[in-house]
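This is the structure I have questions about; it appears just below.
Each chain carries a letter (A, B, C and D) given by its place in the written order, and its residues are counted from 1.
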Amino acid sequence: MLEVKDVVKRFGGLVALNKVSLTLKENELLGLIGPNGSGKTTLFNVITGYYRPEEGKVFYRGEEITGLRPHLIVKKGIARTFQIPKPFGRLTVLENVMSAAMYGRKAASRSEAREIAMDWLEYVRLKDKADVEAKALNIVERKLMELARALSTGPDLLLLDELVAGLNPSEMMEVVKLVRKLVDERGLTIIMVEHVMKAVMSISDRVFVLHRGAKLAEGRPQEVSRDPKVIEAYLGEPIQV
Amino acid sequence: MEFKLAWKWVVIAILLILALIFPLFADEFLVSILMQAYLWAFLAMSWDVIGGYGGQFSLGHAAFIALGAYTSTILLESYGVSPWIGMWAAGLVAGAAGALVGVASLRLRGPFFALGTIAFAELVKLLLLYFKGITGGPLGILITKSGPEYMLFESQAHYYYLMFALMIAGLLFLKWFEASKFGIGLVAIREDEEAAEGVGINVYRTKVIGAAISAFLTGIGGTIYAQWIHFIRPDIIVKLEYSTQIAAIDVVGGAGTPYGGLIGALILVPLSLYLNAIFGGMIAGLSLILYGVVLLVVVVMVPGGIYGLVRRKWLSRKKGGE
Amino acid sequence: MDTKTWILAIVLLIVGLLVGYFAAGPSQVKTITTTKMVEKTVTVTKTVAGTTPQPTQTTTAPAKKVEVKVGILLPLSGGSAFSGQEDLRGIQLAALHINQSKYPNIKFTMKLVIADTQTKQDVAVTELRRLAQEGVVAIIGAYNSAVTYPSAAEAERIGLPYVVPESVSDKITAQGWKYVFRTCANASKYAYDTLWAMADIAKANGVEVKSVALIYENSDFGVTTTEGLKKYLNKFFPNAKIVHEESYPAEEITSMDDMVAKLKAENPDIVFHVAYLKDAVLFVQTMKKLNWYPKAYVGAGAGGQTRVEFIEQLGADANYAYTQTEWQPDFLNSKALAKWAWINEDFKKLYGRDMVGSSALNYVGTYVLAVAIQKALDSGANPSDIKAFRKAVRDALETIKIPAGELPLMPWGVDLTVPNHQNPEAAVAMAQILEGRFRVVWPIEFAPVKAVFPAPGWG
Amino acid sequence: MVEFSAYTQLLVSYAILGGVYGLTALGLSLIWGVMKAVNWAHGDFLMVGMYTAFWTVTLFGIDPYIAAIVAFILLGLLGMVTHVIAIEPVVEKPGGHEATLLTTLGISVILESLALILWSPSPRSFQNVYKSTYIEVFGIRTSVAEAIAFAVSIVAIVAVDQFLKRVRIGKAIRAVSQNPVGARVVGIDVPRIRLMTFGLGVALAGMAGVLVATFYPNIRPLAGYVWDIASYVVVIFAGLGTIYGVIFAGIIIGVTEGLGTIVFSNAFRQILVYVVFLTVLLLRPQGLFGKALRRV
């Protein structure tokens, strides 16, 4: 479904991504992990068109999408959330999510968009906050709203950037379950960047480890967590599964 | 709830009727003041599209007034085209110029954009002066025709109704615009450009079209202004003072809301004209000081403008009551 | 700083300002109200009566006089505030003299209703509406041609007589307006008189003028005056060529070195300069810096060079500059105009200096309007029927014909019976700055001194 | 046509004018660079500076260059008052840029009208020998007043630069300009630094006003306007966060403006200025000497 081929991204002298390749199958949940500054968010930005890579290509369903502008990538069916949530502060939660439905892949009419938005808000359990201005939400609610907003664009592929960071363990587990359900019940394909190992390892079909801008390891969660290279990269941090 | 809703409509109806019968019992001076308040309200609402909803602080809107005024006036005086038609051409010319400003807004932010628009307005003024053959250069153009078919009226009351209709049209447009797909997209860009791209909004196109809409409306306002004042000249119409007054009115009233322009204009325009009438013959300049003080006080103490303040008060009272 | 302190600061500012204003008064007398003026003028009239042979009729004012309101529309703030306030002095003095019955032919009391245009056309139109509302029978205004236009058009629509004593743009009287009358010359006439004067002066001094340059500010004033200069140039100087012509934005100019350098290279005999004050001063300053002076530097259109500040700012460097001028105290030394010296004396008592062109022009405009109003009153029109009375004043204005010599202050007369209501008799004199004073050098019969031509240069 | 030798004269004249542009822009650039706020009333502070010169020179008969020091102090105080009233309450709020634009617009209107009421609209001037004394080097003439203004401009710019680099408060100002959050973390009293910066910026404007008034005619309530435009153009050309850039940009603008009018006419000059201005603004918003601003 998605193929990233030998992507190189530099910032001045710093090489953020060094010939990274990645393939993704339909209806898969890929966990993307790696220490701080390993290039996870950069990779997201390359896939979703925020950065144009210096080298390499990105294909989506066989079609090249390298360097397409972000809003066109959304129209292809790829949506994302941001590491630090970016709500449209002075729009209501409903309008936030509706905007995605109206401008996203389906280009829904206002009334359709309203329905789609309410559905997804219900899914993330934010329905009762629909008429609140987004800037009044707390961090958890912001993250959930962003998830609903990304979903409302009607994506097949969803990129989630540290969705559960900052949540307490019980909230985290709930959100993780929601994400898994998206794959299982709605047939979405998801790449999930996470710092919290427990969350990633528990739900991912496959894990991809980035280290200093390059692939370190790839495979099933169990295998990867035992990989000595990975353990070393995390400075001997024991990885719990 | 329904009871409250009914009250709202009653209040609106009463205000409408009061506004409509106002010229019947008020003298021409008051009519003239209120009429100008409506015109400025419309201009501020036009500005609001880019300045309020779009979050791009333009200080060059006088250029669009001028482009609109010149387009329709040249059509009228040289080709005999009635401004009822000419105003649409005026809007288009101004809108095209607005699109250029929109392109600039892709690269310039905050004060840089503001300065860029000031320079743009100055350039428009100089070009109007320079192309004497078409615009009459520094001598300007005097509207010599007359008759309602040319949007020229004998009494101020007629202009009052014209401007009132214009203001109401602007208000309804903004009400619709605010909830429209395009309006939400524009606000989304204002709030967070990257996130807006992330939900599929074409930032470039939206910004450019937003600026063009704002300029289009301002251009129409320019036509109406020219029809009322009957005389246009580059240096008296492309004034930085006008650009800043438009922005000031909207911000004082509450930028990014449909009512901001009207509220701001109803406060600032009568204030400056009425104070000038009172003090102008005695202490010239005093009215401007008070104007400046009001501007300062509102911007510092009432962020979000008067409308924002009223709404907050109202919301908190409602919450308290429940 | 919390909100309360803040409000307090603002309130204190305003209160302080008001107290300061009324207690100390501004540094210069500005727009005095009529009541204040009357108090002041008691002393004025006494001293005037003591020193001049002018008959005083102040003490025997009739018990009951008709009061007529006249609207004044002038830029008292904004870009043209200094001119507007000077104009107002002339108008107020005229009204004062009328009310003191200094003119036996005028028997009513004139009440001025003063409005500030802020140098803005829309404010002017709004204020015109207010003045109409307050029952004025006529308007005098509005200095800036750009403001006079739309407000005169509005007056025409209302049917309110509008007397233009100072705006010069030709177009104002070219519209066929019924209610608009101009007592002063228009821009073309200013241009015509400039050339006429310089041609006479050149001839008297035996200098042949072969080349001229035209420098002008690029707004209405400069452009129309220069058009006139170009039109009539060869009528007065058949052999003169225009070697350089350039306009510039007066508001925004920071340096004129380039223009003077170009002129220095071309070295024309006469430079005609249509300018406001700042650019005129800057131009002369730059000529001195670049060490060049033409045979004659002429301020056309009675703009910046005719202002006393021109001499104040330039000092001795202002000498030998020519400037058109509507009025100079020199006029009062001539036989024909000596009888009006008392007006200037009164002006001096009030403001501590001589009248200048703009105050004199506005004085005359006000006088002409007063004559017309009197005529309307004499014809039996009822001032309480405001609409009909305005019409009567208009009709009276159209019959006004005051021969030269009977008009206060000015060497010319007024004839408003012409179809376009543009006084054809208004003319503009030429002065030269000699020893730090404006001296009238043309028309010769009003000239106490002879022009210095060519100018000696910087030496 | 203009002779070649005249070009050297013009070159020098306009370089001097450009230097003065740099001086008038300095205060604006400082405030804008440090606080990211545009001081709309900049031209009016210049105007108050001019009046300070007029009153001190005519009332006390002191030398105009001493008046420059007086203006520096007076305007510094006025600047701080303005800051407390109009800048500090809004500068950190969302939409602070726009808010400061409008509050300083209010200040601008108030100052202009106050000047009109208190000092009347009559154009004032004061006599000084510097204006009408000339120095001539290699046949190039300039008035002493202009030469001094140019020299002061250079000195002021070097002084401000050194102040920012060597003096403690100066360093703190630079820290605030580069990273206000970081500055606060390391214990810098950011509001106080902002107050000092605004005061300094306005003080420099006041001083510039006095120096301009020594050779440029007409002190009146709207006199700051013309220098205001020049200042904005210079600041954009120079880019933010550069002190020396201001003087270079000033001279470049002065010279191109002057020589440009030899080729083009004065009527076209302004069009040229704005076209170039807009081009620089669009192609290089960071200015000719500024550092690139990264997209956040």
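Heads up, the rule we're going with is that a contact is a pair of C-beta atoms (placed from the backbone, for glycine too) under 8 Å apart; a residue touches a chain by one contact, two chains touch by 3 or more.
Predicted model, so just to flag it, every value in this text is computed and none were measured.
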| item | value |
| --- | --- |
| Relative to subunit B, chain with the most remote C-alpha centre | A |
| Which of B-D and A-B has more C-beta pairs touching across its chains | B-D |
| Chain nearest the overall C-alpha centroid of the shown protein atoms | B |
| Computed distance of Cα centres, subunit D from subunit B, in Å | 32 |
| Computed distance of Cα centres, subunit B from subunit A, in Å | 43 |
| Separation of subunit A from subunit C, taking each centre as the mean of its C-alpha atoms, in whole Å | 76 |
| Rounded Å distance, subunit C centre to subunit D centre (Cα mean) | 36 |
| For subunit D, residues contacting two or more additional chains | 85, 89, 113-114, 116-117, 267, 270 |
| Subunit B, residues touching no fewer than two other chains | 129, 283-285, 288-289, 293, 296, 300-301 |
| Interchain pairs in contact, sorted by label | A-B, B-C, B-D, C-D |
| Sites on subunit D touched by subunit B in the complex | 32, 36-38, 85-86, 89-90, 93, 95, 97-99, 101-103, 105-110, 112-114, 116-117, 232, 236, 267-268, 270-271, 274-275, 277-278, 281-282, 285 |
| Residue numbers on subunit C that touch subunit B, as the complex places them | 3, 6-7, 10, 13-14, 17, 21, 30-31, 33, 72, 76-77, 81, 85, 113-116, 118, 120-123, 125-127, 129-130, 132-133, 146-147, 149-150, 153-154, 157, 169, 171, 175, 218-220, 222-224 |
| Partner subunit D, residues of subunit B touching it in the complex | 57, 59, 104, 107-108, 110-112, 114-116, 118-120, 122-123, 126-127, 129-130, 244, 247-248, 251, 283-286, 288-289, 291-293, 295-296, 299-301, 303 |
| Residue ranges of subunit B in contact with subunit C within the complex | 27-29, 31-33, 36, 129, 137-140, 142, 144, 154, 156, 229-231, 233, 235-236, 241, 273, 276-277, 280-285, 288-290, 293, 296-297, 300-301 |
| Contacting residues of subunit C [partner subunit D, same complex] | 1, 6, 9, 17, 20-21, 26-28, 30, 77, 79, 81-82, 84-85, 218, 246-249, 251-255, 257-259, 261-262, 264-265, 277-278, 281-282, 285, 288-291, 309, 312-313, 315, 317 |
